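What follows is a set of structures to go through.
You will see chain A twice below: alongside chain B first, and alongside chain C after that.
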Partner chain A sequence: MSFIDKIKLFLNSFDENEFFKINRMRPPGAVEEKLFMELCVRCSKCIEICPYRVIKRSNLTKNFEVGTPYIYAEEKGCRLCMNCTTVCPTGALDKDVTYFRDTRIGVAKVDDTICLNHLLYNQEEAGIADGTMAVCNQCFNSCPLKFDAIYLEDMILPRITDKCTGCGICTESCPTTPKKAINILPNGMADRDEAGYIQSLKRKGLR
Partner chain B sequence: MEMSRRNFIKSTLAASAAVAAGISTSSNAVAQSQEVVIERWVKGVCRLCGTGCSVYVGVKGGRLVAMKGNVESMTNTRGYLCVKGMNIWKVAHHPDRLTRPLIRDGKGVLRPASWDQALTLIEKKFKQFHKKYGYDSVAYYGSGQCTTEESYTFNKLWKGGFGSNMVDGNPRLCMASAVAGYMSSLGSDEPAGAYADIEKSETIFLVGSNLSEAHPILFRRVARHKKDNPNVKIIVCEPRKTLTSAVADLWMPSLPGTDLAIFNGMAREIIKNNWHDKNYVKTLGRVTIGDGSKELSWADYVKHLEKYTPQYVERKTGCPAADVKAAAKMFAKSKATLSMWCMGLNQRANGVWANNLIHNLHVITGNYGKPGADAFSLTGQPNACGGVRETGSLAHLLPGARPVANKKWREFVEGYWGVAKYSINPSKAINPKPGMHAVKLFSSLGGEKDKTKPVKAVIMSTTNPAQTLPNVNKFIGGMQDAFTVVIDIFPTRTAQCASVVLPAAFLYEKGGVFGCSERRSFLTDKAVNAPGEAKADIWIASQIAKRMGLTKLIGWANETNIDRMNELAWTDYIGCTANTEKTLKGATYSRLKKSTVGVQWPCPDEKNPGTYKRYVRGMDPIFDNPKRYGYTIPAGAKEFFYARPHGKANIFLRDDPDNSEQTSPAYPFIMTTGRVLEQWHTGSMTMRIPETAAAHPHSFVEINEKDANRLKIKNGDIVKVESVRGYNILPVKIVNNTLEGVIFVPMHDQKADRMVNFICSDIVDPKSAEPDYKVSAVKITKVSGPKKIDGRYLVSRQEMNKKTFS
Partner chain C sequence: MQKIRKISQIFFLLLIVVIPILNLMEIYFFNGSFISLTVGNLAISDPLAVFQAIFLSHKIVPLMLISILIPILIVIFFGRVWCSYACPYFLMTELIDKIKNKLNIKNIQNKNINTNRQNIIRYGVLLTGFIIIGILGVPLLYLISPPSVISTQMIMIIKHLRFTSEVIILLSILIVEIFFIYRFACRYLCPTGTLLSLFQFKRFGLKVKHIGSCSECNACIKECPLMLDPKIDGDSKQCNNCGICVDSCKDNLKQKTLFFKMK
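Now for the complex of A and B:
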């Protein structure tokens, strides 16, 4: 782990500073990020109506984001009740997105270098064993669209389909530490450097 | 930031250590750079499901700090574990652990007491009740999670010492039907084969089992076998389309409670197409009905099956007629077929019959003695087979899983235990009448003022009936009024009803033998000391024995070293069953201490490696000297069901009665219950592991999308699921993997209005007395829109002082 990563992880553990928070997404139905920033009037209606308190107010000052709504999947993913889209007064959250299967917050991506099931499968294929491997399936089991949005290839390797809503419940329940083995690539984020997980992928040359 | 596998192991271990040490994991960056140095690895077996995964627990500074799989293991091959098994050690150092005996005072508050005070009170009450209400007024209710030594000690104390058969346990709620099924069909309890059959099978028939979540390690073996051998066929028969069905070539949906028709329908197809093994049926099959005493002809069986045409089956069960035909072909045409089932068949109003019908399919196709062929019942608890079935710690059994009503065997056990010399009961004998089964026991439990309730006291170990009994509302009052002693490691709903709570030692703090589903006994070594004043059950049983004047009956009552106590109890037990087919005579304590794979019975001597397959000459050591076990086996017989004089397996004529609760216009849905991968039983352990609690913090109800649309219910809405007995308030999870009209609720939540057993039906199987958890008629009404539900709920120490559940 590089020094920079260490610092980032360290900063990530502070609630006060969301700048380094990865796996943060806009609520369901959010329009394209640039438009969203123009339309969102920081009225907090979506934050108030969220029965699960998963939508949080941003305190980021950069780009005047302060007050806009975010979901932090590592704390709690979206439960897809679709209440928030019904109350947005400006259309920053699209009113027409009312059915949970139609929601596209983002898409989950499995990091197969740390996913427990991938590691177990690799050992199985290589014919080695050291007793440290465990069958997990927590992302699959917690997914509200099990089998549709996520399936297990060979009954073990989690694979994401285009039906993934990006709700982030898988990220929330993933047991690996300190990094989650399943992360959300948010849709509609104009400034990718702000979108946490994408940023780290970009640095690795994957995006 | 490439994270290699080695680094990953380091980091998880480090993070685990941080949790164990009470360090917040939020600064994981720091934790990750540390590496835990394990002082020693101590061998043991996983504390959770019945698979019996072999593990090592890592110890540092007298504390558990890690866990890893045993790569030599025969159960969890290559040492793979599941995520809850990998983390189970974390509960050992949880701050909620009970560390002092507690006695409930006049105001209903549990006050700390000394062991002497608690045991003196127990002694006083037990003696008083024995004198006033008879020896059957004091009961023991055990668990498939106690060690074999502990169950054996309590069983001996009650049946031999008190002359009372009021001994039952939670395996009554999970596998009594499988026991009765094996006994009536094959004559001897427990499977003929082993897990090793999975890799040798050509067709696997999974029924009434969500293997992928309830036994993830076995599911991995099945899935791997299928991947390596694509011609292997897998059939799954269950009402929900789970991950288990995803591996299947054929998913047979069936409405809960109706699958008996499917099994008969498959048998009819097999015989109609001439796929049955005529030779096997002739030499090893015996057609019968009812209790199995009357022999019928093959023609009677064929006639009986006439009714079960594929069309009839489709009408009754919802399983397409074509699927019944296809399944029958796959089942019969393979070289070796392995059936595996679990609670879906056992927890049923006609569970024994369902078990019989699976055995029928195996008899008519000759699928027992061949490698890869077996009718295998999976167990849900780690030591239900070894500790409760084999030691006979149920109301109707004696060690060796033989009925207490069997005079010859009863007299042998009386002699072996020295009941005539030591018993405190004036009859100086084991009671020939079976005691009460679990549901009856708790219906008969009550306070001294209640004249209708004959049972006045119960001691319960390692189980949580105030949450797990069906229609639990009916039993809570009795538990609160009676003198109840609870032995456990955490506060539970049952402890909330208790008069005395005794703090127990965790498995790795005491050691002992666990016997898993495949007849394998494995010894766990003591790794660390128990916290505070917590004690092993075997010590508690011994103290009670001493105070009741039974020191001589329990030969290890005066020992202080737990390891020595376990050794004496184990040696006593294997001596008792040495001349039964369940013999573990060769699995001496010192052999089990050394063994890293365990031993499968029958194992008559120390040189015997243990038995992979029973009833087959050359594999089963019973064939070498049948006289020793009281059996006669003809010299030419290659395969022989020796527990029966004729050596044949029964083919039962069983109908498909609707004994379960039926839906009605007022209660139109069928509710079924079950497990999820991350949680186990009442969640008292797994809800305390952050990793698994996060994945499944509370119960929910799975409703088919079409039903939800009809009821205008949205994802996340809060609904009331109600039966005639009680209700739950649950969030909705809309799915399309359950049948229409069928809803599913997991069973792990401790919150009062999410405890599913308030809803469950308390109809029991007439033969096995196992409750019908899988079929309850319910209605659903919307309570509110989506609402936040607080995460996991745990019964706290403070709540143990409250009378009502919250």
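Now for the complex of A and C:
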């Protein structure tokens, strides 16, 4: 790798366009979004203690989320080490969530129109499989709770159960681009595209 | 005494650099920023942050109250020593002053400024701040509190090699500080300092005291970074017990003239 390439790589590692990122969610144990925004004092303790550098600090965004912690699942999912819930000084992250299976950051959802396994299954069903597609299974293989949170129906179709912690590791490893075929719908946030962008008026109950 | 203060300031400056590095090495004994700091099992929080969280959420977690106990007790007994002995921003402004002195740039200091007016503006800013965050429903006052921004940004630099947008606010405060208003943040703006001032009581705590008569050299007035008159403003809420005035007093050599006293 040339020196210039290295510099480019370094500069690209700054994720400044986080404003547009979907699959954003709060750290494990986060209380529901409205209360979270009132309680989180932006102390960065959770960001600092995360050993996998999963939690990022938000830039100025639409509704004053500046400084709050986010996990961007497409970059890196939470490893469920449960360090961050122990440090929060105000209870924005619930201290009682200490066992990783109790965590409910959100729930994963498979988009079966682009999931490679679904596409392959459809081809095989229609009898037009031409050997250009292979089984993917990335989400299943990477899930820390495989068989519990995610299982393969008919040995091929990924299905999510209610044991899913929403850690986002599956999203991280899903190979489809530009959109991921498996997404996290964060708890307490409107939906995948609006995660974290709950309007300030809505937060105040005015809308 | 100024030497001890400098050492303490540098210690706290090192703290905000060393803590993120320790955390990178997975040593979690220390953790956090100047908004909230954990030492072992003990949490110490900036009262500003905790009051904002309580004010907005109407929820009191016992841990929050315990964590502000130490800072508040220190203020009640020793005044706002946080500002003079620990705050990295205060160290920064003193450095700016030194550089300005070296370059022979005069500080725009208006010594006739009324202490009461300073205090009224500070409390005004704090009150307006609380009204605004009450409307928004988000604890945003840390944005104008320089030590909070500095220490959280330091975590970001060390952990993620990047800033977040709060630095823009910090830079604007610094520009006003350097070019327009002398000690702008500490005298008028910083809500952390103002909130701590609420716990400085007139009749109790460590105060600067003057015996009443002296040679009137007014060195103390010239040296005071917060533009007070140490001879009469010793128990002002603006005074952060830095002791610069006490050390500048020449009369102290002959007789105790300007000194710290526990009231």
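Convention: the second predicted complex is superposed on the first by the 176 of 207 C-alpha atoms of A that agree within 3 Å, B and C clash if a C-alpha of one lies under 4 Å from a C-alpha of the other, contacts with A are read in each partner's own complex, and residues count from 1 in each chain.
The criterion applied here is as follows: a contact is a pair of C-beta atoms (placed from the backbone, for glycine too) under 8 Å apart; a residue touches a chain by one contact, two chains touch by 3 or more.
Treat the numbers as computed from the prediction; the structure is a model and nothing was measured.
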| item | value |
| --- | --- |
| Chain C versus chain B on the shared chain A, clash or fit after superposition | fit |
| Partner chain in contact with A:M155 - chain B first, chain C second, else both or neither | first |
| Partner chain in contact with A:D130 - chain B first, chain C second, else both or neither | first |
| Partner chain in contact with A:G91 - chain B first, chain C second, else both or neither | second |
| Superposition-derived comparison: chain B or chain C, residues of chain A touched | B |
| Partner chain in contact with A:V41 - chain B first, chain C second, else both or neither | second |
| Which superposed partner A:K6 touches (first chain B, second chain C, both, neither) | first |
| Which superposed partner A:M82 touches (first chain B, second chain C, both, neither) | first |
| First (chain B), second (chain C), both or neither touched by A:K56 | second |
| Minimum C-alpha separation between chain B and chain C after superposing on chain A, in Å | 7 |
| Chain B and chain C footprints on chain A, overlapping residues | 13, 51, 53, 83, 200 |
| Partner chain A, residues of chain C touching it in the complex | 19-20, 23, 26, 28, 31-33, 35-36, 38, 43, 45-46, 49-50, 52-53, 56-57, 59, 61, 63-64, 67, 136-140, 142-143, 148, 152, 155-156, 159-162, 164-166 |
| Chain B - residues contacting chain A, complex | 1-3, 5, 8-9, 11-12, 15, 25-33, 56, 68-71, 78-83, 85-87, 212-213, 216-217, 219-220, 223-224, 226-227, 241, 243, 246-247, 676-678, 691-692, 694-696, 714-717, 733-737, 785-788 |
| Of chain A, residues touching chain C in the complex | 13-16, 34-35, 37-45, 47-49, 51, 53, 56-60, 64, 66-67, 83, 87, 89-91, 200, 203-204 |
| Contacting residues of chain A [partner chain B, same complex] | 1-2, 5-6, 9-10, 13, 51-53, 79-83, 100, 113-114, 116, 119-120, 122-124, 129-138, 140-142, 144, 146-148, 151-152, 154-156, 172-173, 175-179, 200 |
